[in-house]
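Okay, handing you the structure first.
Chain IDs A, B, C, D and E follow the sequence of writing; residue 1 opens each chain.
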Amino acid sequence: MNVLTLLLLGPLVSAVLIFLIIFLFSKVHQSVYTFLALLGPGVSAFLALFVSYYSYFEKEVFSSHLFTWLHIGDFVVEAALKADALSAFMILFVAPVSFLIHIYATGYMDGQRSYGRFFAYFNIFVFFMLLLVLADNPIIMFIGWEGVGLTSYALIGFYYEEIKNTYAGNKAFILNRIGDFGFLSALMLLFLEIGSGGFDFEHIFYNLVQIDSGMLSLIAFLLFVGAMGKSAQIPLFVWLPDAMAGPTPVSALIHAATMVTAGVYMVARFAPLYNLTPDISIFIAYVGALSALFAAVVATREYDIKKILAYSTMSQLGFMFMALGVGAYSTALFHMFAHAFFKALLFMAAGAIIAAFHHKQDIRELRGIQAPVLFVMMYIATLTITAIPPFSAFFSKDAIMSALYASGHVEIFFLAFVASLLTAFYMFRMVFVLFFTREKKSAQKSGASMIYPMAVLTLLSIFAGLLNFPEIFAGELNISHWLGLAEQSHKVPHATEIILMGVNTLFIAGVIFYTYKKYAYTDAIEKENETSVIANKFYVDAFYHQTVVRTLQAFSLFFDKTISKSLIDDSINAMAFAYYKIGKIFAHAENGNVRFYALYILVGVVSGFIYLYFLLGDVV
Amino acid sequence: MSNTFIALAVPALLLLSAIFILLFGLSSYYTKNRAYYITLATLFIAFFISINGIGVLHSAEILPQIFNSMIVYDTFSATFISLFLLGGFLTLAIAKSFVDKTNFFTHESFVLFLLSLFGMVILTMANELLTAFISLEIASMSVYILVGLNRDSLKASEAFFKYLLLGSFAASFYLLGMMLIFAQTKSTNLDVIAEYILNTDLNSQLLVVAGSMLIMITIMFKIAAVPFGAWVLDVYEGASLPITAYMAGVFKIAIFAFALRVFLKDYITFQAIYDPLIIGGALITMAVGSLLAVIQQSVKKMLAASSVVHSGYLLIAFASTGEATSSAASAIIFYLFAYFISAIGAFGVLSYISKGSDNLINYDDLNGLAKERPIIAASLTVFMLSLAGFPSTIGFIGKFYIFTSAIEAGYTFLAFFGALSAFISIYYYFKVIVHLYFKESGHLEVDYGYKVSLAFIVISALIVLWGGVGTSLLLDIPGINALNALSKYSLESLGL
Amino acid sequence: MMLKAYMILSIILFSIGVVGLISRRNIIVIYMSIELMLNAVNLSFVAISADLGESSAQVISLIIIAITASEAALFMSLFVILFRNKASLDANLFDMLGDKK
Amino acid sequence: MQNEIVFATLAIITIVSAIIMISAHRPIDSALSFIVTLISVAALFGLMNATFLFVVQIIIYAGAILSLILFIIMFLNIKDENLPDEKYKNRWLLATSLILTPFCAILINLILRSDIALEGATAKNFGTIQDVGLTLFSKWVLPFELVSILLLVALIGAVMLSKRGE
Amino acid sequence: MSTLSLMIFLPIITAFALFVTKIHINIVKTLYMIVTGIVMYLAFSLYVAFDANASMQFIEYHPWIAEYGISYHIGVDGVSLGIVMMNAIIMPLVAIALYKQRDKRGYWINLLFVQGGIMGAVLSLDLMLFYLFWEVMLLPIFFMIGLFGYGNKHFITMKFNIYTILGSLMMLIGILYVAVQYKGQFGVYSFDLYDLKNVKLGARESFFAFSGFMLAFAIKIPIFPFHTWLSETYRSAPTGAVIVMSALMAKLGAYAIWRFLFTLFPETSHALAPYFIGIGLFGLIYFGISAMSQSHLKKMFALSSASHLSLVVVGFFIYDVYGLVGSSYLIVAHAVSSTALFLMAGMLFERTKTYHIDSLGGIAAVAPKFALFFAFFALSIVGVPLTAGFVAEVLIVLGAFEYDIYVGFISATTILLAMLFMFKMISQVLYGKVSESAKNFQDLRLHELIALIPLALLILAMGIFPNYFIKKIEPTAKSFAAGKEAVYHE
């Protein structure tokens, strides 16, 4: 069996088996589920490493043709997988991180009632994610794309006893689908333009030149709309904080490491297209910058530990899009790579804290927890995200900053800079509030199955930067070379880069210090005003609710009650009623008096004769 | 059997049987049952004699020397005679329970029944206006009396009064019209009149046109076209159910048969003059009939009002005879058959379940019938569907022909209005079905007895269905094609 | 001969009959109106016959008289029945049937 | 000329008596003026040499039918208070006449315009019983026979309807 | 008798036989199962024997009413095959699912009857024959609603009936008009589809005849603004009838547009296509948004069906290979999904005695299997990937984009619209606190599972391996689209 096929189907098989077991047997020991749940992702993770290894070192391109999905006229969609460098790079972290989070989840979900169901969904998610990444043509990719959204929906609303959770799931899926709307439209347009020449990525990129630039921009824009939805960028981001309603492993896997990065992957995948549409690229960069800044600002007034992380995810994704926007694809991808590790780690740590503290999530209530291992891990992850050298994100973020600087869009660079400072602020605010307190609370000890994956991720967070060691430190930018994407290289002189790095780090250190002063061992957090604009997330949610949701509901009522009921149905009924009424009037004519009947006959006769007269009047 | 023999034997048989029963009624052997069965047997035999005349093309004047070419026996009349006899037979057979349970069905009523059939038989054969008028009067008067049969009922007397009065009124128009035609053409023979019309121009036809219109008005009165048919609701309501069935099913066809002969022979030349009148009549008839039918609370009156609508459909076809002569005329014949069998069935069911009372049979009286008597309910449903023109029943094929002929004649809008009133008719016919099947019954289960009546109701229902889908593909029973051929032959025999 | 004059007279008589039939409530008068209408027709037939010099039309009017007679028989019994029922011969009283309600 | 004057006189009598007939309040008055109408019509028959019809008209109409009507009026013993209270009689008469006028006028117009009058030669025995009888039994035997059946029907009907219920 | 005829008449004849005989309800049910089983077997054998490279096949022809050239002319092609299969598959499954519920003979007799009627209407190639079946299949539904429905059922079934027949009668006039024109041009009457398509009509005449047909189909489907019978009827109708209406009859309306309108009036169809695409798109959005504020489960599903059917109409009127195949596919996909959903709504009602979304909740906690299936089918309506609806919607959207980019965008909103109400409904019905009415909710019984699992598998199979199914439709669609090209370039 083909490697990729096996890689893809592993989680699916697991999921199906789990479903069958749930369905057929009422009582099964949890370990059966655990075994199955880990089997599929495990196989996938192993194979992913295998594939990436060969891809990296041997430049081997794996592919697998499953079957013809659809073939009508020119519209040929092969269900085919292909692991070129980009895909191989993606599965390199997607599959192993998934596997690690699975392990973590076995501990996190231990003993819960829907243990089996959880892993079934989880495995399906992995399947779709792999499908997304490995797909050889955009339609299959779109299936994976939608699939991850769907499973995300199921997982966010996993604790369905609380109906709000399911609403959060709904919101996530709906907003995702708004993005998908753009994606799908883009694909359709793309197909109509050049689809007859083959619709796998290779042919698409080969034929791109045939499309005129206006249409190309439209397609590029629509594709990016898809990415906006999936990667929670302005304006489609509102689902992400709400999505934290799901179990924490879900947040770790889906809303940090994998699914939300699909947007980035997609834009990178369509790099040849975006290279042809510089306007849209810059637009992407702006959106990314604004998102990064916005999320960072909001996160500074957030109290829910998971939501802080959610906003930080959004912010980090913003960084990636900035990089994509200026054409630094591999830089963005590299940041994504690093982000997968440290963000997963952050979430897992947060999850461990939450699990240890009776599922409280407000950092003010969690203050002063005693969990040294978690503290260390979280601390490292926080340092990574704030891009303190030598942790991995330092390299990736620095690369982004220099790319931005080099691209000449100083305003974007500036926005990114502010956002990165704010990142340091809110991340350390969280850490300081949680751990640097006077009073101490003891916590339950986290299980081994949770700690070990986190340990692995901690290591990865620290060292992942090695993979794309920049030239400035005598690195070889391995990943960039491996990916070999058509980048717009904005080289900055090494000196400038060093200055940038230095200034950057310095400022960050300053911010950290300020944060320390403000939050560590103080009760500043208690005094913060929860009614400010920032604490209310700039009223975006409320705005959406008022404009979109309310409008739709008003329309719904208007359509249903006013148009359908009052206007159409009632007038139909009124017509019937009027008809009946007219009948009643005729019943008065039918009054039973024989003389009237004779009169009617007479009237008939007379009118007949009048007709005749007019007809025959001029005969003679 | 020679055609002359059939032509003479059938009316003779009816007449003799009538006289026999009249005398028999005075003897001590008389029982109502015997008279009933004698009548049935007469109709049965007459029917079997008459159907020998259908299906083959023939046309001959009967005893032209003696009768002075006043009656003609052709396939056309043979077909209709068979229809009347069948209709009379079915009406009477289904009315068995009614006849038994009431005391006003005396021997004279059978006599009148036979005599009215006699009148109709002559009417279809009549080729001359005065003969037609007299035979029409024979039939009408018998029916007037049959309507007023139940002297104890105020309703019946009133219905008799109205029908008689208005009937005489309308008849005098016929005579006036006949006079005008005679004044111009010096003859009352249809063939002579036709010849006169062909050979002269409009200036010499003024009175023919006017007189023809007056005759047409009498016909309109008899078929209850609006505004001449205001009597129909009251008379149908007042008459006892079998008589209503008889009027609606059989008598009406007789009028149409005569009308068709007159139209095709004489009026066809005036088509351009009369068409707007007939079209107007058709439209207003359908419209008013539908309006009246919709508001009725009783099934019997609803059927009465809907019979007005059916006259409207037929007028559509009459209007189309000018342009699409053959298809319109055969559509009329087919539709008449379709309406006849459905109406007889529908009224028959009502008379079956009314058990001799002069109830109007309100919609609510039908409640729950489907549970108690599924066969009856199913049959009534079939009749309703057929009257509504629902496909797979003969009524649909009839409407199909009529609308086709209208479109063929270029009157697509007439077909459209026909379809509209058919649409409205769905309401009142389906209301019956609603009450039959969906409403809970309020009354106790009753035993209606009379398997024979039931059997004939079911047979009628089967004919209705077979007429809608029948094909010789499956079974070797004459189906729609045969009926078509029948109407075609009868049409051709008019020598057009 | 004055055929047209006779016919016009006949038409006028016929019309008077129609007017009487519709306007009057007394059933006996109504009946007489019908008789008048038929008689008017007869008048024309005889006039035509005289005009033609041929007696067919007279035969027709003879037959019409016979028909009138038979109608008369029915009307007589109608009077009896109606009067028996309502002790009146007012046509307006007989409106039990109909959709007036 | 003589004929015309007689005709005009008779026509006026006929019309006036007919109008009285339809407008008289009491049926007995109507019946009496109807007799006048019928007799003047009979006179018109006579004027046209239709002697047989003249006789028949007087015997059957004026004699039989009218006496029947009078008999019925007497028999039913219709008192004045049993008569319908025809408050709007005159209005009705007027209105109906108005409605009817076009019919009447158009028919008269058509008659005047038509080419019907043949002024054929009148046979010597025209209108006699012999002439009418011969025509009746040679050409019109079927209607004649049918009328007999019609009379039978009417007879049965009258008997059935009028006899007392048992 | 050929397979097709057998599929039409076996149910009808059985229904008649069952009607006139009085036998025990259990035997009725068994016979129902046997007959629908045979029909299903025949349908499968038909599917296997169906030549994927040809369009119309299994043609059967007998003259019926010779005088008017009406014949018994039936045949099946790629598009009708889908509806035939649905009809054959859904009917037995409905019976399995409702096996325990309905102890009325009439229910099963009517269902058998309607199966035959629909089969006939789908297969007819003669207009009168089609009209016959088209009307006849209405009757069982009328009876089912009236006898076994809920609420103000008598009024509603009457309204539905009258409304539908209005359309049918106008279609009748249209049919007759075309046939008469044929006679005028060719000298003989014929109602055969393949004869009548040779008729040349003027633009005005063609427009009116087209309107007559279209009215019938528009009401049956229904498209805006002929939809007002819809939600009340669906609400009142018993489960079996709703399924037949939404899964089969409504689809038949859309199918008939394609089969008859496009064949008979290619130019007019083409000329009017923009309007109907407009109406369809408007309906798509209108019904989708209307459904948002529904609190009655079946009414919501009704509007959701209407929304999807509007999309089907759009797909047909786009009139290219993608639109045609997509619409045909959506017909089948939506038939399966809505069957399952209405079945489950029926089960829900049977258990909780309510259809009101507000008074439901928390079913997932007490009946996980039910919840799983319910959510699955609801999602398949939404058209998530790996379900059949997804494939269909992609194809229609593709066709729409090819037709016009704005049409494309609006039709692509289909992937959003269904979600607007479906997800909230799922949340409220399945999730949250266990509501009062759901306390004693019994999970799916075995026979219900047996009915639902094939539907679920079919949806998945059609979503994952669409090519296998679409191959059978494609030649038909292509030949039609080629016909369109001819029309365009004439």
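Here is the rule we go by: contacts are C-beta pairs under 8 Å (C-beta built on N, C-alpha and C of every residue); 3 or more make two chains touch, one makes a residue touch a chain.
These numbers were taken from a predicted model, which means no experiment stands behind them.
Taking the definition of touch as given, a chain qualifies here only if it contacts subunit C and subunit E alike; those chains are A, B. In this assembly, the chain whose C-alpha centre lies farthest from subunit C is A. Of all chains shown, the one whose average CA position lies nearest the global CA mean is E. On a Cα centroid basis, the chain most remote from subunit B in this structure is A. The chain pair with the larger count of C-beta pairs in contact, out of B-E and C-D, is C-D. A straight line joining the Cα centres of subunit A and subunit B is 77 Å long. Subunit A and subunit E, compared by their mean Cα positions, are separated by 36 Å. Taking each chain's centre as the mean of its C-alpha atoms, subunit A lies 102 Å from subunit D. Centroids of subunit B and subunit D (each the mean of its C-alpha atoms) stand 32 Å apart. Each of the following residues of subunit D touches two or more other chains: 96, 100, 103, 106-107, 110-111, 113, 116, 139-140, 143, 147, 150, 153-154, 157, 161. Residues of subunit C in contact with two or more other chains: 3, 7, 17-18, 21-23, 25, 48, 52, 60, 63, 67, 70-71, 74, 78, 81, 91-92, 94, 96-99.
Residue numbers of subunit A whose C-beta contacts span two or more other chains: 587, 590, 592, 594, 598-599, 602-603, 605, 609, 612, 616, 620.
Across the whole structure, chains are in contact as follows: A-B, A-C, A-D, A-E, B-C, B-D, B-E, C-D. Interface residues of subunit C facing subunit B in the complex, by the touch rule stated above, are 3, 7, 10, 14, 17, 21, 27, 30, 34, 37-38, 40-41, 44-45, 48, 52, 57, 60, 63-64, 67, 70-71, 74-75, 78, 81-82, 85, 91, 94, 96-99. Subunit B contributes residues 378, 385, 390-392, 396-397, 400, 403-404, 407-408, 412, 415-416, 419-420, 422-423, 426-427, 430-431, 433-434, 437-439, 469, 471, 473, 480-481, 484-485, 488 to its touches with subunit E in the complex.
Across the interface of their complex, subunit D is touched by residues 1-9, 11-13, 15-20, 22-26, 28-29, 31-33, 35-36, 39, 42-43, 46-56, 58-63, 65-74, 76-81, 83, 87-93 of subunit C. If you check the complex, the residues on subunit E that touch subunit B are 19, 62, 64-68, 72, 128, 131-132, 134-136, 139, 142-143, 146-147, 153-154, 157-158, 161-162, 165-166, 169-170, 172-173, 176-177, 179-180, 183, 208. On the side of subunit C, the complex with subunit A involves touching residues 18, 21-23, 25, 91-92, 94-101.
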